[in-house]
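Look for chain A in each of the two complexes below; its partner is chain B in the first and chain C in the second.
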Partner chain A sequence: MDIDDLLAEVSADAVPRETRDLQELTRAWVAERVAPELLPHPEALMERVLGRIRKQIELVEDQTGNMDPRANFTLIVVQTELERFKFLVRSFLRARIKKIDTHPLHTLNQHAASTATSAPLLSTAEYQYLTQHQALLSQHYATSFLGQFPAALQQLDDTTGISMVDKPDEDAAVFCRALREVGEVFVEGTEKRFEIKRGDVWVVRWSVVRDWVRSGDVELI
Partner chain B sequence: MALPLPPGLTPPEIAFLCEMELVTVIPRQKLERLELLGGSLPPLNPPHRAPLPLWLALLLKRQRRANILPPLWLSPHSLTAILDHETEHGDGFSPPPRLPPLPSQNTLPFSPPFLPSSTADAAPDALPYHWLELGEMLLETAADDFEDPDSVRKLLRGLREVRMAKLRQVVETLDAAGGVNMNGVGGMEVAEGRTFVTGVIDGLRKIVTSREQQKKDRDREERENGDDYDDDEMEMQ
Partner chain C sequence: MYGEIANKLVQHAKRTQSLAHLPPYQTEMIRAVTREVRDLDKDVAAILEPFAGSFDPSTEPASACALLVNHLCMRRNKRCLLAYHRVRSDKLEELCWSGIDVLERQQQQQQQQQQQQANKAGGEGTATMGVDGNSSSLSPEEEEYVRQYSDLLSAYKGQWTDIDLTGSLEPPKDLFIDVRVLKDAGEIQTEYGAITLTKNSQFYVRQGDVERLISQGYLQRLS
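For the complex of A and B:
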């Protein structure tokens, strides 16, 4: 490590929290748009970002009455940026809802398994949405047609034989970029081995890089 | 409610990402320091240069409040050199810009669009991740800030052709296992190639699924049993 590296590290730490959060939120959004399965909800990050958005909205509301042309222009800048942030947050949450809707039972199982860990899969609101939506759906199915089936065939989550619980394709190919050295990876079920170095872009199976994406060593693009 | 888009970023979303890239502007008006959600904005004091995110630079440019200084790699000279490199080396894209030093283990590593790869002092010899989008957007809104916008436009078109041809060549190397190196690929190129490349890999994988499953089971068995691997045992399971 030479002096340049040391200086760069000091400056990287000096990057304000807001900018780091923007990088993190952007990365989470891209990952959620690209990954075939739902990723853990970044609770702390979302709390910080939503808090700041709320404050910024208040600021805009306070200053809208101000007719000074110069203040007016800064308000345009502030509002443009606010809209960009709102788009990021909205698109991120909607991408998550899409995955929750596509695989509700699988998500529910995964969430139940993850609540004990430090990174639960769903936020409280998402969990509420999922359980209530699912309750409405199964009630609707039961009254419209399932109720007329024999009791043994009424389940929606039968896992004997071929599982009824639909899962996302965990081996789907994704584009990713290494943020740190990863080393040699191995594609299970094939003879393929290759080394992922920092900065490399690879097309690989999601299941191969999943753990590194979660730890933040690899990002999806 | 739920997002109706298929997985993978769409071109407008890539453009949105690209608008977060920092570019250098020469302000023509004063603007005070502003506290924005993504960090505070430096005060603008003409004629001092300042790094600003592209979306703001374009806004200022449209209102004639600033001029944008195009990055050095967008000069005809650099683009010609990169284009020559691309045509001479048929295998793979031209190398991406040099990475910043590795951050320590517990700091957040930054990546495009948050690396200063398109400011006035960025490296002149490499195409950054958002090269195509950034070039197009600057040429559209700030063509008068270029010395020779027409030749830049022509060179970008040439680069795009050469690199698209390379992206198509990748198809021949695709197999079921994936693991294709794409160093130096651009954001818009990923968006364009994604459906096809991942579609081919996923399709091939589905064809050999059962064979892979057998190998997976065999590997697992070997790991569990250590060296004394037994055929009979496998048949029983």
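For the complex of A and C:
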């Protein structure tokens, strides 16, 4: 830890919670849209943001009858902000659902592995959606054709031979920026070694920077 | 040839991806591929029968090779079938998300076709009747799937009532927008009072209030 880190911590505390949440949400939204893999669901952040959205909606509903032009103007500002927040959350959730739908079984396995840790991959709602959707799909397959197959071929998650469980491309390239000092990074399977310094922008394989993105040392852009 | 029909099915799926609508379900092909899989499975059983469970691939290379080919073909057919169905169900899900009632549209299409047929039949006699009586492009299983998926989707959406998950994915720029009414949509309630939407009139309204109507085609956004 050097002077920069200390300064960063001090200034982070000076910024109000709301602003930091917005920043976090934006960051999570960008990361979710860029990363090839599903990222852990930011439970606490989402709760705070949704709570605030609810409060703002109530405020708007309360104030609508007010005919004072000045109140009306603030109301418009509040509503504009509200629409933007809603957009962020909506786009964020949709990006997640899209990934969940593309790799359902893989996500399910990963989620099962992550429930014991402090950062589960899916929220409860997402988990419900995933399992129900999967049940629907397999039922659909079964009634359409799979039911008439020999019993040995009826599974959907067969891993003998070519694995049927599709995985996202973890070696896809991502653009990222270092928020803190990361140090030396080694790309597996190649001879590449390089150092990521604070403020650096790199194009690297997702699998290399994954852990730092999760810990918040590196952000995706 | 082994796997030939399945190949056609995959080509179908590939074409489906770039189409706006869903082409008719290939019931015949699906059946043919499934039959092929069952026949192959019978073949496998027939090859293995004389060995009574004690088959050793190294002593019987010819049978082992036949078995391998059969197994691979079965697996391949299965993958092709899965891919075909997945592409179609993805497409259906997409329609669900964009708020289009797939089943209703299907019915409308069917009715139109039936009407056309009825008109034709009136001129040329009744020979064409009943040939394409059931021309829905969805299989009954798919219809069921769509029904259940829309239920699932609305249940999931219900947890985020404030956000409206199926709303626009374009970043919002203006709170208020100009819209023109394309079809009579009756009266809607907004925070600024009720507006009656009559055809060809123009309004300056809050985007959130009319988003649904725009996606349903009642209103057109003027930029």
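Definition applied: the second predicted complex is superposed on the first by the 210 of 221 C-alpha atoms of A that agree within 3 Å, B and C clash if a C-alpha of one lies under 4 Å from a C-alpha of the other, contacts with A are read in each partner's own complex, and residues count from 1 in each chain.
To be clear about the criterion, contacts are C-beta pairs under 8 Å (C-beta built on N, C-alpha and C of every residue); 3 or more make two chains touch, one makes a residue touch a chain.
These numbers were taken from a predicted model, which means no experiment stands behind them.
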Regarding the shared-chain residue A:132, is it in contact with chain B (first), chain C (second), both, or neither? second
When the two structures are overlaid on chain A, which partner does A:79 contact: first (chain B), second (chain C), both, or neither? second
According to the contact criterion defined above, which of chain B and chain C contacts more residues of chain A? B
State whether A:94 touches chain B only (first), chain C only (second), both chains, or neither. both
Touch check for A:113: first (chain B), second (chain C), both, or neither? neither
Determine, under the contact definition given at the top, whether A:22 touches first (chain B), second (chain C), both, or neither. first
Once chain A of both complexes is superposed, is A:145 in touch with chain B (first), chain C (second), both, or neither? second
With the two structures laid over each other on chain A, which partner does A:53 touch: chain B (first), chain C (second), both, or neither? both
For A:173, decide between first (touching chain B), second (touching chain C), both and neither. first
Return the residues of chain A at which the contacts from chain B and from chain C coincide. 53, 76, 80, 84, 87, 91, 94, 101
Given the complex, residues on chain A that touch chain B span 4-5, 8-9, 12-13, 15-16, 18-24, 26-27, 30, 33-36, 49, 52-53, 56, 73-74, 76-78, 80-82, 84-85, 87, 91, 94-95, 97-98, 100-101, 169, 171-175, 177, 179-180, 185, 187-192, 194, 198-205, 208, 216, 219, 221
Touching residues of chain A toward chain C in the complex: what are they? 50, 53-54, 57, 60-61, 64, 76, 79-80, 83-84, 86-87, 89-91, 93-94, 101, 125, 128-129, 132-133, 136-137, 139-141, 143-146, 148-150, 153, 156, 161-162, 164
Counting only contacts in the complex, chain B reaches chain A at residues 1-5, 7-9, 13, 16-17, 19-20, 31-32, 34, 36-41, 55-56, 59, 96, 99-104, 107-111, 113-114, 175-185, 187, 190, 194, 197-198, 201-202, 205, 212-213, 215-216, 219
Within the complex, which stretch of chain C touches chain A? 30, 33-34, 37-38, 41, 74-75, 78-79, 81-82, 85, 89-90, 93, 139, 141-142, 144-145, 148-149, 152, 156, 159-160, 162-165, 167-169, 171-172, 175, 191-192, 206-208
